[in-house]
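What follows is chain A paired twice: with chain B in the first complex and chain C in the second.
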Partner chain A sequence: MEIEIISFGKIAEFLQNQELQLEGIVDTEQLREHLENKFPRLSSMKYKLAVNKKLVQVNTLINNNDSVAIMPPFSGG
Partner chain B sequence: MMENGRYHRQIILNGFGKAAQAKLSEAKVLVIGAGGLGCPALQYLAAAGIGYLGIIDGDHIELSNLHRQILYSTAEIGMQKSVVAAKKLTELNPEIEIVAHPFDIDKQNVLEIISDYDIVLDGSDNFKTRYLVNDATAQLKKPLIFAAVSGFEGQLAIFNLADNNGTATNYRDLFPIPPSVGEIPNCEENGVLGVLPGIIGTMAAAECIKLVTGIGKPLTNTLLHYNLLTNEQYAIEISPGTDYTFDDLNTSQPNFMEIGAEELDQFIANPSAILIDVREVNEVPQLNSKLYQKIPMSGFDTYLTTEIEQKNIILICQHGIRSVAAAEALLDKYGNTKNIYSLKGGIVKWRNYFTAHE
Partner chain C sequence: MSEKKIKNIFVNGPISSAFIAESIAKHSTKTAIGGHSIFMGQVRADEIEGKTVSAIEYTTFEDAALEKMHEIREEIFEKYPLNCMHVHHSLGNIKNGEICLFVFTSSAHRKPAIDACTEIVERLKAELPIWGKEIFEDNTHQWKENK
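Now for the complex of A and B:
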């Protein structure tokens, strides 16, 4: 399946917006693990996922053509 | 008051009118941080006629603030931000009440200060303040307009306000615990284009006016991302999380102190004190390694696993931001058993001192 990745802030510096082909990944927990393996900098950061513009609070199924946002906290003022 | 023409152009707006203007004049809004976000937000809120406008900021105006903190002029460098801001805003609109709180918001004063206001707009520049303000407003159930920037991007949201389903969220629903020491850089370390907090601060003021007057659709339970480079916006629906707790507020907690170069002097070559430079190895100016121990922030977590013998610990960095993060980490470890200090403003602020003591 193919999903769209949309990233923000410092995360966008090493994980650009992209179409991502996924094999054997069905939910957000597996996607988190996959992304942290592929982009190790992610594993040391606080971030939140949103699937189709809805915040992920519990493990959520991912479907073909979903868009997944990856957001770090911002503090600057 | 409303007959004098000051608010005429907004009163004649379709769907606004005298009723909305009256709501603005009755509103009490606190803006936290009179910096890049706070300046434009304050200007538009004062101009629009918010009846009671509070400004809390303990910082002084610096040259490097002026490209984005547009309430201040070059001649005012060194003056208190909140005091100068209050003076400028009173000149802009003498018909409203403006209150300057010329100190930092902290655990001891946050509940008392915030309880005087209906709405809080957070334009601060660090996670410590953001979590403090979030926890205080969440516990007092005060609407919080959250505005923040990073690089060329901004985040905007409204917290502690129930939607039509009765659901209210706060910052901890997004990010339950603060980032660890040095994980996310701030404007001083990461840079910021002045116009970005101008845009985000102005959007925050617009959300505040929408909330007070009841016009439009405010960003309740919504996190809006704005990208200056592409003009793209991306809005995410926030749902409540489960796994977090708020900090205890208004209790007497151990604390660290921010000091200037004069106070630093007593600790130089003093066996009861360790002076720690937390900047990364390649940062200049280099300090005398006999007097200052170099423990970069990138390795600070490892350093925290070792024991410090000295009673007085003084943290130093380029701008006094990372040293605060390091001080907090040491405070978590040692509590009141050590005296912990951070050099306020960092080496940049006290450059003359460090040049003279090489």
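Now for the complex of A and C:
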């Protein structure tokens, strides 16, 4: 399947928005592992995922054409 | 989620004192209000390893931030007897000394306005996907972390 990756803040400095082909990955736990292998700088950082704009709080299934946001800790205000 | 329209809290650039004054003035016709509470966030010229922060550049995941702010707004209105709630947050480059956040709550008596204002600021900082890049005078930068 194919998903869209969008990144923000300091993560956007090394991880561009892109389409990603996934094989055998069905949920956000597996996606985290895949992303950290593909983009090693991620593994030492704190980040949260959002699937289709919804913050991931428990392991969530991923579907074809989902949009996954990779977000470092928030620092608004 | 209710069907109320999602409000846009974002403004490009700093929040001017004229905008804030105007916002206060608009409430003079709302005579059920007896107390206003206002919080303003200002960009601080922090000194980090000998370099001074000259500006913060704010970016957001806008759709997600506005949906979350809508949720917070609904919850705050349920929790406190407020007459009004206004939230404005800057995007883009905000120089030190300029205002980047304006939260304004009003109620019949002071307590709900004060408590709601505080809670909105705390939740906004913790829950909205907004990022601040601290830019130093020599154009290097580091990413802000909320305390």
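Please note the rule applied: the second predicted complex is superposed on the first by the 73 of 77 C-alpha atoms of A that agree within 3 Å, B and C clash if a C-alpha of one lies under 4 Å from a C-alpha of the other, contacts with A are read in each partner's own complex, and residues count from 1 in each chain.
Convention: a residue touches a chain if its C-beta (ideal position, glycine included) is under 8 Å from a C-beta of that chain, and two chains touch if they have at least 3 such contacts.
This is a predicted model, so every value here is computed, not measured.
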Report for A:Met45: first if it touches chain B alone, second if chain C alone, otherwise both or neither. first
Between chain B (first) and chain C (second), which does A:Gly76 come into contact with in this model arrangement: first, second, both, or neither? both
Looking at A:Phe8, would you say it contacts chain B, chain C, both, or neither? Reply first, second, both or neither. both
For A:Lys53, is the partner it touches chain B (first), chain C (second), both, or none of the two (neither)? both
Chain A residues touched by each partner, larger count belonging to chain B or chain C: B
Touching chain B in one complex and chain C in the other: list those residues of chain A. 6, 8-10, 50, 53-55, 69, 71-77
Of chain C, residues touching chain A in the complex: 41, 58-61, 63-65, 67-68, 89, 100-101, 121, 124-133, 143-146
Mind listing the chain A positions that touch chain C in their complex? 6, 8-10, 50, 53-55, 69, 71-77
Partner chain A, residues of chain B touching it in the complex: 33, 35-38, 123-127, 130, 147-151, 153-155, 173-175, 177-180, 183-187, 190, 192, 197, 223, 225, 234-242
Residues of chain A that touch chain B when the two form their complex: 6, 8-10, 44-46, 48, 50, 53-55, 57, 69, 71-77
